[in-house]
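One chain, chain A, appears in both complexes that follow, with chain B as partner in the first and chain C in the second.
Let's turn to the complex of A and B:
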């Protein structure tokens, strides 16, 4: 007989698996995959607030990721600040940029917002590539040797794993709370029908702007985490289109607009990327684009709601079969 | 006066969809807007709801000028509306759909839920049913419930009862009566004459962007201009038949 675990039990199991993962798989290779999974899950969950819940598909979220990534390394390079101290600066800059983009584009309907996000992200990438202060095309480096824990420069991946996990936990909690409150109801209403939402008194532009700002703040934090972990940032790894596309794909694969969709997407995509890199070495780097393209086609054609939606439809069927058996 | 629309006009290029229409609504009335397809009643209706910006004219609600105000501002001022094609929030349950409206006056979740539950009960819907699974009658009812949750003083019903079977129609008319009895003023655009003749105390007839007649349902159905609007010039037979006496 098939038994379907209740929601609470599934949640405890997920938390336990995430907490114990580094001990169950102590090999540095797996821990590296674990950290990459968490980073992808944080980035996609952050995108999910505006792209999934509010239905405002940004294809340029790398602009917030990149600002978050550059801030700690730039302030370290210029003033010797510990990277930790400049993370809030990156968040503030990202929120300001989000408001700057959202104010004009949310007045328009249709795909203008998506197009504007791509354009701005690309402009910033090109600009950073020629700006000497931020290292131009070469980029910036973080502290080679830690001066203290506040430099967030650790030898192994274990410390990063738990820092990333804590941020993911905070983000999921915030998203959960948003979903329960008026703000979350408004986001879902806007996604379904802006016109109807307006007629019910929903301040559509302000709500979208708030969602974008919140999403930008967490995406920026994800960028900062990436930069302190790798100790290096350049225009392509910060602002590249692939960074943005990965957030969209991860969220859409698992289920955009659901709390755990981005986690499911990251759980599938990150090991897949890692496997492709291992099997094909440097020659497999272009394979990522092919995988992304294939996933976009499959999701759009067969499962627009993502894998979690598929699972939700399958559970009642499995339950019925279980009862019949 | 609850609502005053003065010389409201709306043009699309050189075409005047509404060419200067007036409407005064007193608190507690039920007013019907009728007219052939393309007469301009929906455009006029959208101007009243803030969905369409009038080219000319003024719209005052409770003495406040809402002519250029957004739909959100209309809702805040106390004007609720439904849509001809119900814009259901499909991924949300019936209760959650209604809660979106209830949040306007009740920012806290529990208060909004409480208010939404009352409205769902009044409209005879199932709170846990998903929006996606509702049929046309359910969606129309949900549209009304959502608008009611904003606690409007004036409810604009845009063909909210179209596409219903006769028994569903009777239920929907009874619901509209209950809403009216609770103190809500109603302006209704409807093609189904049974609804207009049964509910409305005053009717405005639109044709080619103008109000061509107004009065009680009995008066307008005998009006020459109304007959001409529906059947064309030269027609003599009344197009609209009032229901038998006693049904009002």
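Let's turn to the complex of A and C:
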């Protein structure tokens, strides 16, 4: 693992930029993009733990995102719970689901895991669409007016921005710690060669299961944040395949299995998407997904390491050329 | 009587499921590779049939063959341009390559053909037959019969011909096959052509009997997963039985529970299979 982790100065600069962004760009339009960026970075970083570090490519992470998104709004609608109290419930449900899926599929080849994740996410999406308790195809709404700060219903984006930023910070810290510990080395060993890892005594299935559970917990939290911010959830915005796609493409574009890869991916894709929506209007979303598909294919074919990897290879070459000149 | 009609209709649709799923299982058997864009190949087969009927004319044999040929070529092209380069790469590349391709094809189809449902203009397969009190559209009967025939033909091609032996030899041991004078690249390109071609014909057959929109690719792709998982990975004959079973289950559950629940039943079956018999009905552990 080579890292171009912006060490010291770079890291401080990044943190300062993220902290000061809302003051540098107070326009609501930019703040909205900032919040969308943080949400995409959180989701993709959460996916990254199992999809990038452990190399188990889930294409149905929307199932955890959706559970996390439904939990606060469902418990608010049913019992009037404050959304904050239901976020842990969503996380627990997601971890349970992760174990339920991981136990059988992690015995089999990696392709099987991908197929299972996509099928289970679709199953839940269709199921929620027909289930009256969770609002069916119409979905659920959150509190219109906050009863207190614990309702997490704020006017404007500023409060959400800093909540999301705190969660992203926590997630990056956890990922960094994971990468440094024995657990992280196990994950990379499994990604490089499962058979070799097993023969060296790595508890392969347990490690994969733990990674999936950790990833599911944070993905669920991302879903909850999305739901309290939007104040609304339906089966497509919670469990839709495009939710999963977004996580995969953001992480893979920046660099799957690197700490800052998902941030780089989100930094490029989120403004691109909002620009595409501005340029092409309503029809732009379809075009966006054609471009997404194209980008995914190109990454798979030419740069499986993502942009960070490309950067790492290009910079020394450019430097050498500069020296020669 | 109604139930019997539902059962026969389900089996006929299941035969078409079997045909396109056999294409997916062929690729899995050959190269341990799951094609996430397989359902999109079926969807493109449907539009290929539509375009031929609209702009060239011709009967079911004509647009069926055209869809098969178009998708065969697409399959070979996808293998040559994309799959060949990622198949020995990291798992991420393998899965993302066809996953991205699926998105690309699906949303390009939305862009070109719009999200509206379309159906083939009246073909020579229009009309209904009354067989002992069961009313069956001719198009469904023909589609089911042709699908079963082609699936069995694919099975025979793999097990009874030299070409089939070569394909299986590459699947078994790539380097040993190379030493026997077989070019693995060509055989795998052929497998992709056959796989996509099967999806293309299946699409053309479905187009004669059902209306569709670009979003059917996702549904058919998932049905192909379930079929392949039930029939056992890599077994064409297994996917024939599994396709028929799934067509049947889908039809009966739509009849008893309502149309929206049929997908829940089918995907639920997939999850149950994962837990109870991940190697499939006919597959080896």
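Quick note on the criterion: the second predicted complex is superposed on the first by the 310 of 325 C-alpha atoms of A that agree within 3 Å, B and C clash if a C-alpha of one lies under 4 Å from a C-alpha of the other, contacts with A are read in each partner's own complex, and residues count from 1 in each chain.
We adopt the following convention: a contact is a pair of C-beta atoms (placed from the backbone, for glycine too) under 8 Å apart; a residue touches a chain by one contact, two chains touch by 3 or more.
Just so we're clear, the structure is a prediction, and the values are computed from it rather than from any experiment.
In the model built by aligning both structures on chain A, chain B fits alongside chain C without clashing. Applying the stated contact rule after C-alpha superposition, one finds that A:120 touches chain C and leaves chain B untouched.
Residue contacts after overlaying the shared chain place A:185 against chain B, while chain C stays out of touching range. Within the superposed three-chain arrangement, the count of touched residues of chain A is higher for C, of the candidates chain B and chain C. With both structures placed on the common chain, the touch criterion links A:193 to chain B but leaves chain C unconnected.
Once chain A of one complex is fitted onto chain A of the other, the partner contacts of A:310 are absent, as it touches neither chain B nor chain C.
When the shared chain is aligned, chain B comes close enough to touch A:204, but chain C does not. On the chain A superposition, the C-alpha centres give an angle at chain A of 70° between chain B and chain C, rounded to a multiple of 10.
Once chain A of one complex is fitted onto chain A of the other, the partner contacts of A:138 are absent, as it touches neither chain B nor chain C. Of the two partner chains placed around the shared chain by superposition, chain C is the only one that A:241 touches, whereas chain B remains out of contact.
Superposed on chain A, the gap between chain B and chain C at their nearest CA atoms measures out to 11 angstrom in whole units. Annotation: chain A residues 191 touch chain B in one complex and chain C in the other.
The part of chain A that touches chain C in the complex is made up of residues 51-52, 55-57, 59, 101, 104-105, 107-112, 114-116, 118-120, 122-123, 126-127, 129-130, 191, 241, 245, 248, 252, 256, 286-287, 289-290, 292-301, 304. Against chain B, in their complex, chain A makes its touches with residues 180-182, 185-186, 188-189, 191-193, 195-204, 257.
Contact residues of chain B toward chain A in the complex are 49, 51, 70-72, 74-76, 80-81, 83, 87-92, 96, 99-101, 103-104, 107, 109, 112, 146-147, 149-150.
On the chain C side of its complex with chain A, the touching residues are 28, 32-34, 36, 82, 85-86, 89-97, 99-108, 110-111, 218, 222, 225-226, 229, 260-261, 263-264, 267-268, 270-271, 274-275, 278.
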